[in-house]
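Presented sequentially are two complexes of chain A, the first with chain B as partner and the second with chain C.
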Partner chain A sequence: MKARPFFWAFVTPAALCGFGLAVALAALFQFSLRAYVPGSLEPGGFTLENFAALMKPLYARVFAETVWISGVTAICTLLVGYPVAFALVRTKRRVLKSAILIIVVTPLFLGEVVRTYSWIVVLGNNGFINAVLMKVGLIAQPIQMMFTRFGVIAALVHVTLPIMVIMLAAALAHIDRDFERAAESLGAGPVRTFLTITLPLSAPGIVAGLTTAFAWTFSAFATPQLIGGGQVNMLSNLVYQLGFASFNFPFAASLSVAGLALTFGVLAILRVLSRPLEAIGPH
Partner chain B sequence: MSVALVARASLFAAGVCIMLTGPAFAQDKLTISIWGGSWRDLVAATAAKKFKEQTGADVEFVTGGTIDRLNKAKLSRDNPESDITFTTSHVGWLYANDGLYEELDLAKVPNAANLVGQAKISPFHIGTWAYVYTIGYRPDLIKDVTFTSWADLWKPELKGKLAAPDFDPSHLIAVAAMLSGGDAATWQKGEAKLKELKPNFKAFYTNDANSQQLIANGETPVQVILSMNAYYMMGEGVPIKLVIPKEGAVLGIDTIGIMKGSKKVDLAYRFINAVVDPEVQAEIANLKKGSPVVTNAKLAPDVAKLPGVFTTPEQWKEQAIIIDHKLRAEKTAEWRKWFAENIMN
Partner chain C sequence: MGSGRAFRGILGIALVSAILCFLLLPALVVTIAAFNARAILSFPPDSLSWRWFAKALAYEDFRAGFRNGLIVSACASTLALLVGAAFAFVLDRYSFRLKRTLEAVLVAPLIIPHFTIGLGFLIVAAGLGATRGFAIVVACHLILILPFVLRSVYISLRNLDRRLELAAASLGASPLRVLMNVTIPLLAPGLVSGWLFAAILSFNEFTASLFVTSQRTQTLPVAMYNYVREYADPSMAALSVMYIVATATLLIIANSFFGLGKVLHVEDVR
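Moving on, here comes the complex of A and B:
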């Protein structure tokens, strides 16, 4: 057997991190099965009441809304991110490449809260978009964008875009250009070449990007909290509203456990659905 | 022994005496858990300064949100990372109920003799400053509605214009109960009334900055707002009118307690005494436009006359709706859950 000199050096920190995560999850799960004692920080005895309380339609609605917003955000991010990633990979001008990269990556250097407050300035009734539209006479009254799903999704797309572009760019960069040249030499135009060669070969990047964007958005908190203003609620907001703001940690834990199970479930479905797509790709 | 030698020995002895009898706590440092930002700066510029003058001891701040700090206190139960904690009155009860606070001996806090009755929250924590949650609105954007009662919030003209805190519904729950003939203890009486308010909500703000932004940009021209935030925004040039409804405004008190297990309890008492010092209290009230919790604080006249700043026993009695702090600590989860399920979602 081939010696692997760095095996343990790499495995040990990973195992320690994994252990820490497992302990935290075990604590979370344990808390979800404990009773809430009003006026006290200490949870009571073991109970299934927290999970029984989740059976109300309200929670199903918020879970469904979270999946819907995460899905739409992932798709919108893909639609916006693909051309950007394509331009980033295919442009030959270094200055342009650097400019695209900087513009794409910059949002990652801003805190989520700062980014979200900026969106309030853009989306508000007296914000940038409404001011411009009213100035040019396209609208007479401001369009309500704050505290709507549209506003939340727009801000989430912005937050998620860097991740999507980086993942798509990695996939696009690995495509062997000879396939495209072969298609062109056989008479395919640029659109046909893109649709029949480039796009299918970038499928692994699309799947990875969609999955990551979905999972990334699923746990979003600050953006729906501030842009949604309590009118558009995702799972994390519900955990905050019902758990942390009211000290009911057992119920917050049960919501988190349910959310975690839902995330795993949705990601598993995504994985199954994307298998044929992934098979098209070169990797 | 020469005169010079005697003089030198005397000087040395005097120096030693000064070192020994000077500020007894000069080498000590008191660790204080408090919210970050303007609250930490406020305490640093007022009480901590006075405390340093009186004891020579320094103050170190550990900052964080209300719940983060509560969790940290719970995790370091027997070896607290802070000696003193500032928190809200009802969360202070959670500290007390969980045995995280020392029982206070107010005989060690001479300035506490002048505390208003409403600031004596529990045997474990006392008030440091007070504020109200009340109706604040933009008169330039809300022109046809007048506010004299909490009931005015239900007016149909305010449809889609109102914001309230998402982290604490207790103000509206207590008010709706009052308007329905109940009180905070019988809050269910106000459930139907509160549901009628739902169409008027445009958003729920998540923190002070969010509240300030939403009223400043006119997104929510009416708010159930923290008086101090309203005054801050007025200072920034935002036209806001603050109303004390005829039923009164909902009182909030931030409090202070000594952490059980603190090794600097004597110093902690000296700090609490500095916080409730009348000069410090006046300074805090003037800076934040809140109410002092001692009767002998002398406020600037233009601050003393502001709505929501209470300086007389009559104001405390007639203009403040006080939700029992212990009840609030026990009911917050229930209220929060009901509010989230029936009003916010």
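Moving on, here comes the complex of A and C:
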């Protein structure tokens, strides 16, 4: 056996952190199996009732809406993010590269609340878009964009775009340009070269970006809460409402557990679907 | 052929410019709103004023949130750096039982919804009678930002030239001395950028914080959220502008020192 300096000293803190997370998730799971005692913060005995209640159409609708919004957001983010990532990696001019990078990365560090608030100012009935359209004379009445799915998705795409661009750019930056040159020298046009060489080679970035965008949207709270305003309800909003408005922590916990299972389920499906894509990719 | 290429080029530039405008739009609009003298939104503003900046800076919940946020993010990011760097070292150098399992558990917070983690920590804190203190907030943030530090330090370790360590060891340096005098100095850029990244993420974390903070420990994003729910005046716009300016400035400085492209691994390498 080789000497392994610092092994125990270095692995123990990490193991403690892993243990902490496991305890938190175990506590959540345990709570999800307890009965709700109205008017008390202490849960009652063990029961499966919470999970049975998840089957009610009201909750099934929230699950479906959450998955739908997360999926649409992830795909829109990919479509909007790809051209930017491409420009970021391929532009030759350093100033332009830095400018794109700063514009893309800054929102990542602003947090969900600041960005959501900014979108309220943009989308509101007396917000920026409606004011401009009314000044120009295109509309007489403000268009309702707050409290709609469109508004929520627009803001969520903005929230997930930076991480998508970073992941796509990382994949694009590692593509061997010789493959593209070979295709072009064999007579393929730029569009064909892009579709048959560049796009498949960037597949790992696409998968990583979609996965992260989906998980981030699934976990978003402030955006659906403030822009959705009760009209668009995602799982996170329901969990918070059950916990802090009705103090029904056992049911909130069972919703969280179901949400966790759903996230892992969707990501597993995405992984299986993307396997043929990754076989083409370089990693 | 030539004109087709030029046309595509112009189309591409227009498309990318439009998307960048979409990214910039909220920041620009919120800046206009922040200088509006009246309490009700209107575009263009009737008159301009700095009053909302003064109000935001004087608002007690924002000030307390800022202080709490600094405490939490300083503690959480420093702990995450120590734990994450140590574990990245072990991941890079050793193989052991349960290595992949532990790694998977520690990076899981990247895809576990934050409200799930927040609720789990809240339940644990309630069981321990610790819902009012900073400890639970720091612990929760530590778990959430650890994957980022782990990744940043691990990549730096991969790119480290091991021969320098071997040279030091063959000259008689003890493992501790090699670590302190060779490995850590070589890792410094990765350690600093990982730590900075973690601190910023912790300072901005909102969803899990909403669950684990109390009135006394609420961080700035939670204070801002509560403000937006209750008031509609542009103080929040003014605070957002300060936030955007501070963040962009930090990033421009970081870009000129470290080269953000390298830190984020988006440079064209070939």
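Keep this in mind: the second predicted complex is superposed on the first by the 269 of 283 C-alpha atoms of A that agree within 3 Å, B and C clash if a C-alpha of one lies under 4 Å from a C-alpha of the other, contacts with A are read in each partner's own complex, and residues count from 1 in each chain.
To be clear about the criterion, contacts are C-beta pairs under 8 Å (C-beta built on N, C-alpha and C of every residue); 3 or more make two chains touch, one makes a residue touch a chain.
Since we're looking at a predicted model, the values are computed, not measured.
Q: Between chain B and chain C, positioned on chain A by superposition, is the outcome a clash or a fit?
A: Aligned on chain A, chain B and chain C clash with each other.
Q: According to the stated criteria, A:V105 is in contact with first (chain B), second (chain C), both, or neither; which is it?
A: second
Q: If we overlay the two complexes on their shared chain A, which of chain B and chain C does A:G124 touch? Say first, second, both or neither.
A: After superposing on A, A:G124 lies in contact with both chain B and chain C.
Q: Where does A:A170 make contact in the superposed view: on chain B (first), on chain C (second), on both, or on neither?
A: second
Q: Give one of first, second, both or neither to describe whether A:L226 is in contact with chain B, with chain C, with both, or with none.
A: both
Q: According to the stated criteria, A:F63 is in contact with first (chain B), second (chain C), both, or neither; which is it?
A: The answer is neither, since A:F63 touches no partner chain.
Q: Once the shared chain is lined up, is A:Y36 touching chain B (first), chain C (second), both, or neither of them?
A: first
Q: With both structures superposed, pick whichever of chain B and chain C touches the larger number of chain A residues.
A: C
Q: In the overlay, one of 80-88, 98-106, 206-214 or 278-286 from chain B clashes with chain C and the rest don't. Which one?
A: In the superposition, chain C collides with chain B along 206-214.
Q: Same chain A residues contacting chain B and chain C, which ones?
A: After superposing on chain A, chain A residues 41, 117, 120-121, 124, 126-127, 226 contact both chain B and chain C.
Q: List the residues on chain A that touch chain B in their complex, please.
A: 36, 38-42, 56, 58, 61-62, 117, 120-121, 124-127, 146-147, 225-226, 229-231, 233, 238, 241-242, 244-248, 251
Q: Please output the residues of chain A touching chain C within their complex, sorted ascending.
A: Residues of chain A touching chain C: 3-7, 9-11, 13-15, 17-18, 20-25, 27-28, 31, 41, 80, 83-85, 87-90, 97-98, 100-107, 109-122, 124, 126-128, 131-132, 135, 158, 161, 166, 169-170, 172-178, 190, 211-212, 215, 218-222, 226, 235-236, 239-240, 243, 249, 252-253, 256-257, 259-260, 263-264, 267.
Q: Can you tell me which positions in chain B touch chain A when the two form their complex?
A: Touch residues, chain B against chain A: 67, 70, 74, 93-94, 97-98, 163, 166-168, 201-206, 209-210, 213-214, 217-219, 326, 329-337, 340-341, 344-345.
Q: State the interface residues of chain C toward chain A in the complex, per the touch definition above.
A: 5, 8, 12, 15-16, 19-20, 22-27, 29-30, 32-33, 40-44, 82-84, 86-87, 89-90, 93-94, 96, 102, 105-106, 108-117, 119-124, 126-127, 139, 142-143, 146, 175-176, 179, 200-201, 203-207, 210-211, 221, 224-225, 228-229, 236-237, 239-240, 243-244, 247-248, 250-252, 255, 260-261, 264-270
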